[in-house]
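Below are structures written as structure tokens.
Look for subunit A in each of the two complexes below; its partner is subunit B in the first and subunit C in the second.
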Partner chain A sequence: MNIAYSTELICFLILSAVIVSGSLAVVLLENIVYSAFLLGGVFMAVAGLYLLLNASFVAAAQILVYVGAVNVLILFAIMLVNKKEKLKPIKGLKTRKLISGGVCGGLLILLLRVSITTKWNLPGPTSIGEEATERIGEHLFTDYLLPFELASILLLMAMIGAIVLARRDISISTGDINDFKNKKSLINKKIPLLSENSLK
Partner chain B sequence: MLENSIGPVPLQAYLIVAAFLFCTGVWGLINSRNAVRVLMSIELMLNAVNINLMSFSSYIDGSIIRGQVFSIFVITVAAAEAAVGLAILLSLYRNRVTIDMESFNLLKW
Partner chain C sequence: MGELLSFQIFINEPVELLNLSLNAKAVLPEAAVLMAMLGTLLVDLAGEKVSARWSPPICYAGLGTSLILLIMQWNGEIQESFLGAFVADNLAIAFRGVIALSTLISLLISWRYAEQNGSPIGEFAAILLAATLGAMLLCGSTDLVSVFVSLETLSVASYLLSGYLKRDSRSSEAALKYLLVGSAAAAVFLYGASLLYGISGSTNLKEIGISLISAPTPLSALALVFVLSTVAFKIAAVPFHQWTPDVYEGSPTPVVAFLSVGSKAAGFALAIRILVGCFSAFDTQWKLLFTVLAVLSMSLGNVVALAQKSMKRMLAYSSIGQAGFVMIGLVCGTEDGFAAMVLYMAAYLFMNLGAFACVILFSIRTGSDQISDYAGLYQKDPLITLGLSLCLLSLGGIPPMLGFFGKIYLFFAGWADEQYLLVSVGLVTSVISIYYYISVIKMMVVTEPKEASDVVKAYPSIEWSMKGMSSLKVALIFCVLVTAIGGIISNPLFNFADSAVNGTPLLQEAITLASKSSIG
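And then the complex of A and B:
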């Protein structure tokens, strides 16, 4: 075993330990802010796994989209709805957790059994290297052109839908915003996150 | 099998990590009471699927790498899903003033 093999093995072990412990912490921790930051760590570790699999472009896309966009979006959502509320205790919550834990453990055992006992017909990992980005581009513009265009339409629809759903009902008049002489006017108005009629 | 693979890490190791990540995501999806944590669990599950696609693409598909293209599409859909999900969460919070999943039972018979 030469040094490249052992380095790759050590990197894989560290990354998978980060993924496993981080995902458990995301699900189990009480404080949701810690969960959100650990989720970013899990996304970074998954990007590291992609680098081990010779996929630098997808690793970069993973970091840009997940860590840069999705995780920041989740943090903003936590800040917007962060209210300390006492959760009502529910009857049978413990048994529900135990039963679902059993179901998920069974699913895990099933998946492990399938992945270990199947005889995969492996040619082995191909080190395609820098060519991967070109290949992805060729795929996107030849045989996966229709899904690519559909993805752009999907992103447009998601953007408009998010704006429409998260819009506040109260409208701020543009005269207030453009009022440069007394800049404090918007701050003094104290526009609430919750609209008046929703609190009633 | 294992001796055929060139690298030191077998394909099964990636599949095991992905299976663990997926099952953690399913457990969190069922048991979380905070609505933001439910969205985080969905992201975990999507990442597990992505790891599977990428490892099969690297180990089996050779230099065609169709799995990488698929995982890019999955990343796109995940971004759209996160945006719409958090917008729904915000409007739910405006209407109900809570993010406890147990209080969203309007459609329960």
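And then the complex of A and C:
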């Protein structure tokens, strides 16, 4: 066992421990802010795993997208909705937890068993390290051109949709008279289609 | 194999990349839809009034061009385009046609609805067109990555559309439920896809199929289950159907019309691509799983529909049952089976959208979608009564409507392939379905004028001059006419379904395999 190998092994073990314990804590902790920060830690550790596998581009993308965007967004959402609210206790929460725990445990055992019994094609293709970015670009403009272009449409549509959902239909009155008039006229103009009698 | 080899060489030598032919012609119909989408967005910049004036013609032009281009592709030379990411065989063209037509009809019936709700029209049309684009590309995708991206385009657009009525809390609830369940399904699909990539080292469905045949492992069975559950989610097969009734009830009705036809057609096309094209090594397994799904969908969908009081919920459960019928054709795997599937999808397009057009017209005039409110409608509004009756009879499979021929062809194909369990369950449940379809008709036609519901008693005078009503009328009459007359002159549809199967190499391979194994 040479030094390179043992360092790699130690790094792998540490990262895996962080990932497993971190994700368990994300699910089990009561305080949602802790969960969100721990989720960031888990994402970072996953990026570390990618680095160990010599996939630096994927690691950078993981940090940029998941830690930089997704996790920060989650934290924003939590801090904006900082409302203390007593949630109603759910009936039979314990049995529900037990059942879902059982299902997840079963799935885990299934996955473990399958991954042990499968003859993996090892060792996989040799990693190309720094060339990866170049190769990804090549793929994006050859055999993955169609999904690449479609992704731009997906993002455009998602952006428009987010604006549509976030836009206020009825302006909230700020005490201004004009504002108030607008609000009234908007309400008068628009008749809700599904009126009360349809909810009977 | 020669193609694969040369493909490898191209990838290894970047200089050669310039000589690659993409065959981008194959996605011209999608390009037309994309142009219409961008057009509506640009017009929308000029304000709501201009957008309401110009969005409809732009959408008609885009979808019409797309349909014409699809017709021109029919029976054309089949070439892999985008280096194996997309193929425009007849099967893909048929399903893309169904999707484009369903969007066109959904748009026709949506203008008045959107106007009355006060929702912005331009964005609505743009998002619906994006959903169409995703669904159409999904039908022809032959690569896991493009399958996933187009699936997500369709799904994200559907979530947005179902939450479009922001002031109705049920619409928001529908969107949130759909988003959560749909994201879980997408994650499961990705897991399955990553396993497939790990097994085969390729994302191309054909290559994955080849490597699955050479080395079937327990892992690939697991991947099959994961991928299949996503497909079942998309076509709303029981037990992956829980989202359907809530989403259908809460979403705007034109969106439901699109989801029940366009999105479902895309799901079936995906099922054929992945299961027939990629999992041929697990033929017996996936057919068994689909038999279970089909039996459950037919029985649960049709039985629960009996108890529904809301028209939209009833149509939701009936669509679950209808998906079960279509699955019979998929399980058969014979030439007749696939042809019956295509035929029934086409027939379902007209009858279901016709029914939705009537439901929308009724809700525009009265603001209700409760079944009991339809009582005695025939005296006030003969058009809705006639149209809804014909479409529901057709959905139930009463001759001589279009639906009868579709259903009988499915059962015939199933019987010929010795799927006795499926066919008998199908027959029993379609009798049940006739009961609840007829009870709506009975409610509308037979009820005495005195017993008419309050809503019908206060029915407004029939008015077609309002904005967006004429297009609704056109769509309604078109769907009802095709449903009623299509059954009598159904020969072109049969020819269409047959040549859809004959012009698809993928299906031909599967059929020869199936016939070989049955002889041997």
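Everything that follows uses one rule, which is that the second predicted complex is superposed on the first by the 164 of 200 C-alpha atoms of A that agree within 3 Å, B and C clash if a C-alpha of one lies under 4 Å from a C-alpha of the other, contacts with A are read in each partner's own complex, and residues count from 1 in each chain.
Operating definition for what follows: a contact is a pair of C-beta atoms (placed from the backbone, for glycine too) under 8 Å apart; a residue touches a chain by one contact, two chains touch by 3 or more.
These numbers come from a predicted model, not from an experiment.
> After superposition on the shared chain, which partner residues are touched by A:L24: those of subunit B (first), subunit C (second), both, or neither?
first
> Given the touch rule stated above, what does A:L165 touch, subunit B (first), subunit C (second), both, or neither?
both
> Which holds for A:T142: it touches subunit B only (first), subunit C only (second), both, or neither?
Only subunit C; A:T142 stays clear of subunit B.
> Subunit A residues in contact: does subunit B have more, or subunit C?
Higher number of touched subunit A residues: B.
> Which of the two partners, first being subunit B and second being subunit C, lies in contact with A:L53: first, second, both, or neither?
After superposition on chain A, A:L53 lies in contact with subunit B alone.
> Between subunit B and subunit C, whom does A:S115 touch in the aligned arrangement: first, second, both, or neither?
The answer is both, since A:S115 touches subunit B and subunit C.
> If you stack the two complexes on chain A, which partner ends up touching A:A151: first (subunit B), second (subunit C), both, or neither?
Both: A:A151 reaches subunit B and subunit C.
> Just checking: does A:Y66 make contact with subunit B only, subunit C only, both, or neither of them? Give me first, second, both or neither.
Once the two structures are laid over each other on A, A:Y66 reaches subunit B alone.
> In the superposed view, which residues of subunit A touch subunit B and also subunit C?
In the superposed arrangement, which is not itself an observed complex, subunit A uses residues 111, 115, 119-121, 125, 144, 147, 151, 154, 157-158, 161, 165, 193-195, 198 for both subunit B and subunit C.
> Within their complex, state which residues of subunit A touch subunit B.
1, 5-6, 8-9, 12, 16, 19-20, 23-24, 26-27, 32, 35-36, 39, 42-43, 46, 49-50, 52-55, 57-58, 61-62, 65-66, 69-70, 73-74, 76-78, 80-81, 83, 85, 87-88, 90, 96-97, 100-101, 104-105, 107-108, 111-112, 115-116, 119-126, 128, 131-132, 135-136, 139-140, 144, 147, 151, 154-155, 157-159, 161-163, 165-166, 193-195, 198-199
> Provide the residue numbers of subunit B that touch subunit A in the complex, in ascending order.
Contact set of subunit B toward subunit A: 1, 4-9, 11-17, 19-28, 30-34, 36-37, 39-41, 43-44, 47, 50-51, 54-55, 57-60, 62-66, 68-69, 71-73, 75-84, 86-91, 93-95, 97-100, 102.
> Which stretch or stretches of subunit A touch subunit C in the complex?
By the definition above, subunit A touches subunit C via 110-111, 114-115, 117-121, 125, 138, 141-147, 150-151, 153-154, 156-158, 160-161, 164-165, 169, 189-195, 197-198, 200.
> Quick check on the complex: what are the subunit C residues that touch subunit A?
Residues 10-11, 14, 17, 20, 22, 27, 34, 37, 41, 82-86, 113, 116-118, 120, 123, 126-127, 130, 133-134, 137, 141, 143, 145-146, 148-150, 152-153, 156-157, 160, 163-168, 170, 198, 201, 217-219, 222, 363-364, 367-370, 455.
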